[in-house]
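Dropping the structures in below, format is structure tokens.
Here come two complexes built around chain A, the first alongside chain B, the second alongside chain C.
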Partner chain A sequence: MKLRLLLCLAVISVALAAVAAPLRPARRPRYGGTLRVEIGAIVRSLDPSVAAANPEEADAKDELDALLYDRRGESGTFVGAAGSGPFRLSAWEAGKSAVFAANEDYRAGRPFVDSVEIQMGRSTHDRLLDLELNKADFARIPAELARQAADRGVRVSASQPDELLALVFLAGRTATENARVREAIARCIDRVAIVNFILQKEGEPAGGLLPQWSSGTAFLFPTETDARAAKEIWSQISPSPKLVLGYDSADTLQQSVAERIVVNAKEAGISLVSRAMPNSSAASAHTGSEAPRSDTIHVDARLIRLRMPSPTARISLAAFVDTLGPMAGIEADPLPENASPEDIYNWERGIINSGRVAPLVWLPQVYGLSARVRDWKQPAAGESWPLAYVWLDSTTETH
Partner chain B sequence: MTFRSKFFVNFMIALLLSVGLVTAGVTVVTRHAFEELDREHTDALVAQFQREFDRRGHDVLNRVQGIADGEPTVRMAIDLSRPNADISVYVNDAKGVAQSHQLDFLDFVGTDGSIISSAEWSARFGYKMEWVTQKEDWATRGSFLTKLDTQEGPALALMAVATVRVGDKDLFVVGGERLGKEFLASLVLPSNMRALLYLNLDPKFEPANLIDSTGPVNEAERFEPIIERERTQPSEQTAKIDWTIDAASAETFHVIPQLGRQKELLGVLLIGNSQRNVVTLERHILWLAIGVAAIGLFFGLLLSWWAAARVTRPVQKLAAGAREVADGNWNTRVIVRGRDEVGQLAQSFNQMTQQLVDQRERLIQAERVAAWREVARRLAHELKNPLFPLQTTVENLQKASSQNPEQFEEVFRESTGILLSEIENLKAIVGRFSDFAKMPQPELATVDLNEVVRNVEKLFEAQFSAVGRPPITPELHLAEGLPKIQADATLLRRAVENLILNAMDAMPAGGVLMLRTSDGDGDVHLEVSDTGTGLTPEETERIFTPYYTTKQHGTGLGLAIVQAIVADHGGRISVESESGVGTAFHVELPTRPPHHQAAPVVIEEEEKEEA
Partner chain C sequence: MRRLPRLFSLRAVITVAFLTFTAWSSQAQSAAQIPPEWNKALDSLADKIATAAKPARTFSLNVKNISSLSGTDVASLREELVSDLAARKFRITEKPPSDGQLQISFSESAEDYVWVAEIRRGDAHEVVMVSTARDVVRKPSAAGPSITLQRKAVWEQAGKILDFGLVSDAGMEGGSILVILEPDKLSFHQYRSGEWQLTRAVAIARARPVQRDARGRIDPPAGKAEMPDAECSGNFQHPETVTCSSAAAVQEVGFVTKPISIQGHTVDSYVDLGAACGIGPLTLITGPGDWTEPDFVQAVRLKNQADAASEKLQFPGPILALWASEDGKSARVVSRNLQTGAYEASIVAVSCGD
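Right, the complex of A and B next:
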């Protein structure tokens, strides 16, 4: 009995120890160290009055300015003086590197790291390599490479899917004025294959404009492919047009997806070719960015990335419509601020039913982190990198 | 055309024909040899290309098999053989493997024929490549041609398939090289050859599908008949395309159909061999032959000229000698070396002329003897008449002196008178002979023959109608515009006088004396005819012989003097007469008498003359 009791107590104590281990409070944050950040963009100036050359630079500039400024105004622009934020600029080499030192007087307290060192213009390959070799502590990774990065030992952090990759039928194109044409193409696209193979399962098939976590109604928009129906619809179109699908030449994901759509279309008997669009990085955008320069080359439809500016469904949807409206010729009444989820769904449904936009997949924001980075929290949609709250574990060996 | 020219032309024609035949023969033989060489060269290169093609096929097969045997592929096959295997992990693998193995196409295909990863068209994952799963022993199949769908459209590829079997599941490794301009560029061909490939990807002939190592071929439509022939009945053939009218632009193509696994025509390979080198070489040889022929002709020309001259020179000399003989210069010699027929002919010619000269000499000698006899006879006759009175007178003087001394004085006086008279007579006879012997050389001046004739006729007008003799009627037919001649007017006048006197003597019963002048070709003619008694043929032959006369008191020197004067003027005199009808003398006088002397002519070799 005693032995049994002893054994039972021992088992219980071991089990409790095992269960309690993860629940132990994290080690206390340490101050000090330099956080090495690598970005792909080239930022020429941090002055908010100086416009960025392209959305990629604008995104990066926004993230760097977030280190210098305390807060944003209602319009989204930063207010206050530079250096009022968690960091102050200590070194700047335009387009190459920047060093931000911790602001001892930051109102929310001094950041844990002493400084943040930014390397600009680093390619995806270089960023992945530096993360793998622990030469970088933080870098953004394309979603489609997240699995590969993880396989290579890189610590990967992915957000909720907050970026929509969609197919937009451009306004004013004779070939796509026929709704049946748009329907045939939209129905032949195999979204699941795009997620599984191209995105390596790092994303979700999209049937609506908003993700499920934001709207709660995404499941109501079907994502299944129906090549047979597409083929039948296309066979009824006479004369069948020859369509051109444009994609951003600098966006490898768009290129892969466009090529896959072409294959899907070909299997359905649809005549569709893909074509790279120069300077169309402007379209990789972000809500509120300027319209893509699709006029430089003739395309009937194009791929576009739409990143949610806010976790709020109404705001993001409105921003999407602002971008898509002039591009696809979508006209919709503005959503009232007190719009109900049902209103938002109906609004979204109306846009989808117009057939001018075919949502394809939802993409998360993926970051690579070195092993010594601690207390990293994924920023929500529209939020900046929370670098002021991370600290570096000096016990983790770095190169 | 001279004999030499004819000989030269014939020689040249023969030479030209010979050289032309040789040149044509050399050209034809050379062309045939080059064509044969070119054909062998092309066959060798086609065989080389076929070997290269086969080698590339083996190479593709080895590389594909190498991929299949590689550790990553085996691991992939093992992984995919598991239930619920995640094939998406491998979707991007093919591209890297294809690059590392230098393959244009590489597909990893699952056991159901689904594409797991595609290098050339990565977006095709999940779709079926059903032909791979058809029952075929890929291990023994080797490489093959096939038509593949790519992003850019259908393409022709040299493919191979390798299988990795794990359990009951297969992983197919399908890889190959694109048969395109890069493939053609990688082939090692001589500079004058090129490889073209027609990709039989469309139901109709498409010019853009005909490519070479740089891309689409220019003027591809020129190949349409060749390609269509292959499409109708695939077989190896040879075709020639003349790109321009220049034969050097021609290109010979060896056409090889490229068949797929099902023996379907997938491509047409054309090995082009430019004819430029061959044609250029042929032209070089032709020009060389023409150059040699031209040089040969030039030297042949010189040789034939020399040979013609050498052969015809003796003939020409013989001809010249014959002309000299025809001109009366019988003392002509032709010197020809050699003992051939021409030499013998020249020797005979010389003998002939020598005999002519000898005969003429003998004739002249005979005539001279006859003339001297005639002279002697005439002299005897002429001298005998005065000598008889002289002898009689001297005998009378002797008789008177001895028999009648009283009458001697008277006889002496009378006899001396007779003696002096007869001696005068003798002196006159001697003077006439002396005058004939002293015929002066003509002193030439411009003379109007008509005027001479007219003046002489006037002198004789009184005698024509003299009392006591039958009248003679003169008739003058003087040609108008008769050219003046170079002559001695005095001698001419004497000749005409003698002819008129002779005519008057021939017409003792009166008659008609006709004087006629006419213009000849380069000379002037004078005809003096009478209606007298005429001459016998024998008299006609001897009429111009000095001291020959048919008259009772003639000296026989009148017509001889006429002939001498005419001869001294380079002219000729002839007589025609008919007994009882009359006699006509024809005198031909050159407008400009020649100054030649009858010296022996020796026609020697040209070399000597030239020397």
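Right, the complex of A and C next:
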């Protein structure tokens, strides 16, 4: 009887110890397993020489090609043989799915996972659901849904804010050639409300073209709204023009922000309407791609997303100006390679003071991860998904 | 990988001081402890302020810190700047009236500290700034317990480091040779003209690519560098004698320690040291995070229940390798700095505090 009691107590104490001290995941990486990735884009070809149909496809293709190719050329395009990278393509169904197998001979060492399975064309809703149900290990989540995803139990990983959503006053439009018109609109925008309500606090108001973590000087660019000043400026403009703000029809965030700006403008007495632009002409302009065209539909200003190609302030600012220049008629001398933070600030200040672009918010890149994904480190601006470093904790179950 | 900017170039870092944990008085926290690079930047900032502020002479001063600098650092910097401005005949006043307002913001970019001065006089608003590198080696300011861990940074580089060691230089009295084991080579650096200079690199040829979590260990006295699938041997004091070859079979034994449980956490990276400061034997352990997180080294006594014997010595990234040194009182640590991406080699030693 005593023995049974002791045995019983021992079992209970072991069970309690297990609860009190849950096993920590081992830090030594393990090899094996398949990483299940879901993306929203439909990638038709992995051939770097085949152009993508839209920026979303271009982005996804770039990430997939980074698994296959070891390096890029000076222009940023992939060079060498497919399969020289950490993975090799083992199955491909254009526009639907792909399987990448670990390259045993990769010069930097075989990736930890045996393979990466990609499901394409998954809607945001489906990606979130699959993460929630543990049917996917890795998927991108729109920044504005990050909080919702976390509330639903999805493990969320957000980068430093490295994507700028900005309003660009298009060059050659009579109405916005008036600097007072541009100033009135820029001043009436409530950036804090955009961050708090539309982005659900997953972002930062933007006053400059570079985020604080990159330049260290973003705090010098105010982000406050000044509806009263906007109203006063607008009242002095005669005749007051009617303006059209364009946004990418495929971008729900842009649509929400455009509608919010229209409300802000209305409060300041500004006549502004929002209009969807077709995806092919108005899709988000990522740095390095061709500047989007806004001439297929008349708009005076438009929203644009700009992803930083590098954490380095000088490189990103130069890239942004390359994209914005032709659209907004911004002309600036090139920044020297040894530009100091003060040089960069003065350059940025000059562009902001021109009033041709109104920065709105900074967005992070947000990813959902399953519980078994280990050693996932957010890629820095300009880097690809570091999936070769990721390993899967075999102690965590999948469905 | 997409275009990656310059993050770092290979460079040797010989620290000018051990990171000691001896107690420093608050007076000792004065501007005198500011690294020379910071002093230079402040001097330049004072010059710029002086030029921009003329003809004003009296300013109210407000300082804010939006960087990773500590409050103590900022207080020292403020003190030094006020002194620099005074030397230029500018006076900082606590109470109005003043000729203008001076707002100093200690900020930082992805690469540097950026110190900004905003000078307001009436409607006029001028901005001047300076920048200085963030990776300045500092003395810590914290007081320590009876056992303290000291970290001496020895080397940092962009490429992966598996282990490192120091041996005396047979060719130069009092000189040293730094041996760095990387996945694909063993390199020897001699200290010449105030810096480490690469004198020889022995390639490690393999039949297959190296493993992604490559491991290796150097035993300088024995003249050996071992990896699961390769080995180098020779007299490390005479680098020209060292040769490397691949092993016939992968041998993992000796590179992975058996995990131990300490206060409910599984620790799989640790080393045993001898007794120190009347306490011992001691074990150095690392933190429980994965390779995406900052880490620490802490001395514990494993006798009875594991008692912490020192404060945690923080590292700005994961510790990738931890090996006991021959003296039994220190350990070689290879870590990765998550802020710079650089691999860092350092020696962590146990010392007796005040």
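Simple rule for what comes next: the second predicted complex is superposed on the first by the 368 of 399 C-alpha atoms of A that agree within 3 Å, B and C clash if a C-alpha of one lies under 4 Å from a C-alpha of the other, contacts with A are read in each partner's own complex, and residues count from 1 in each chain.
Definition applied: a contact is a pair of C-beta atoms (placed from the backbone, for glycine too) under 8 Å apart; a residue touches a chain by one contact, two chains touch by 3 or more.
Keep in mind that what you see is a predicted model, and the values were worked out from it rather than measured.
Student: Just from the overlay, do chain B and chain C fit on chain A, or is there a clash?
Tutor: They fit side by side.
Student: Who does A:259 touch here: chain B (first), chain C (second), both, or neither?
Tutor: In the superposition, A:259 contacts chain B only.
Student: Taking the superposition as given, does A:219 touch the first partner, chain B, the second, chain C, both, or neither?
Tutor: The second partner, chain C, only.
Student: Where does A:110 make contact in the superposed view: on chain B (first), on chain C (second), on both, or on neither?
Tutor: second
Student: In the superposed arrangement, does A:201 touch chain B (first), chain C (second), both or neither?
Tutor: Only chain B; A:201 stays clear of chain C.
Student: Looking at the overlay, what does A:374 touch: chain B (first), chain C (second), both, or neither?
Tutor: After superposition on chain A, A:374 lies in contact with chain C alone.
Student: Which chain makes contact with more of the residues of chain A, chain B or else chain C?
Tutor: C
Student: Which holds for A:72: it touches chain B only (first), chain C only (second), both, or neither?
Tutor: Only chain C; A:72 stays clear of chain B.
Student: Tell me the contact category for A:388 with respect to chain B and chain C: first, second, both or neither.
Tutor: The second partner, chain C, only.
Student: Look at the superposition and give the distance in whole angstrom between the closest pair of CA atoms, one from chain B and one from chain C.
Tutor: In the combined three-chain model, chain B comes within 25 Å of chain C at the C-alpha level.
Student: Can you pull the chain A residues that chain B and chain C both touch?
Tutor: none
Student: Please name which positions on chain B make contact with chain A in the complex.
Tutor: So the residues of chain B touching chain A come out as 88-89, 91, 121-127, 151.
Student: Mind listing the chain C positions that touch chain A in their complex?
Tutor: 1-6, 66-67, 105, 107-114, 116, 118, 127-131, 183, 208-214, 256, 259, 261, 264-266, 268-269, 288-292, 318, 338
Student: Show me the residue ranges of chain A that touch chain C in the complex, using the header's touch definition.
Tutor: Against chain C, the touching part of chain A is residues 20-21, 23-29, 62, 66, 71-72, 76, 104-112, 212-217, 219-220, 309-313, 315, 340-342, 345, 374-377, 380, 382-384, 388-389.
Student: Contact residues on chain A for chain B in the complex?
Tutor: 147, 190, 193, 196-198, 200-201, 256, 259-260, 262-263, 267
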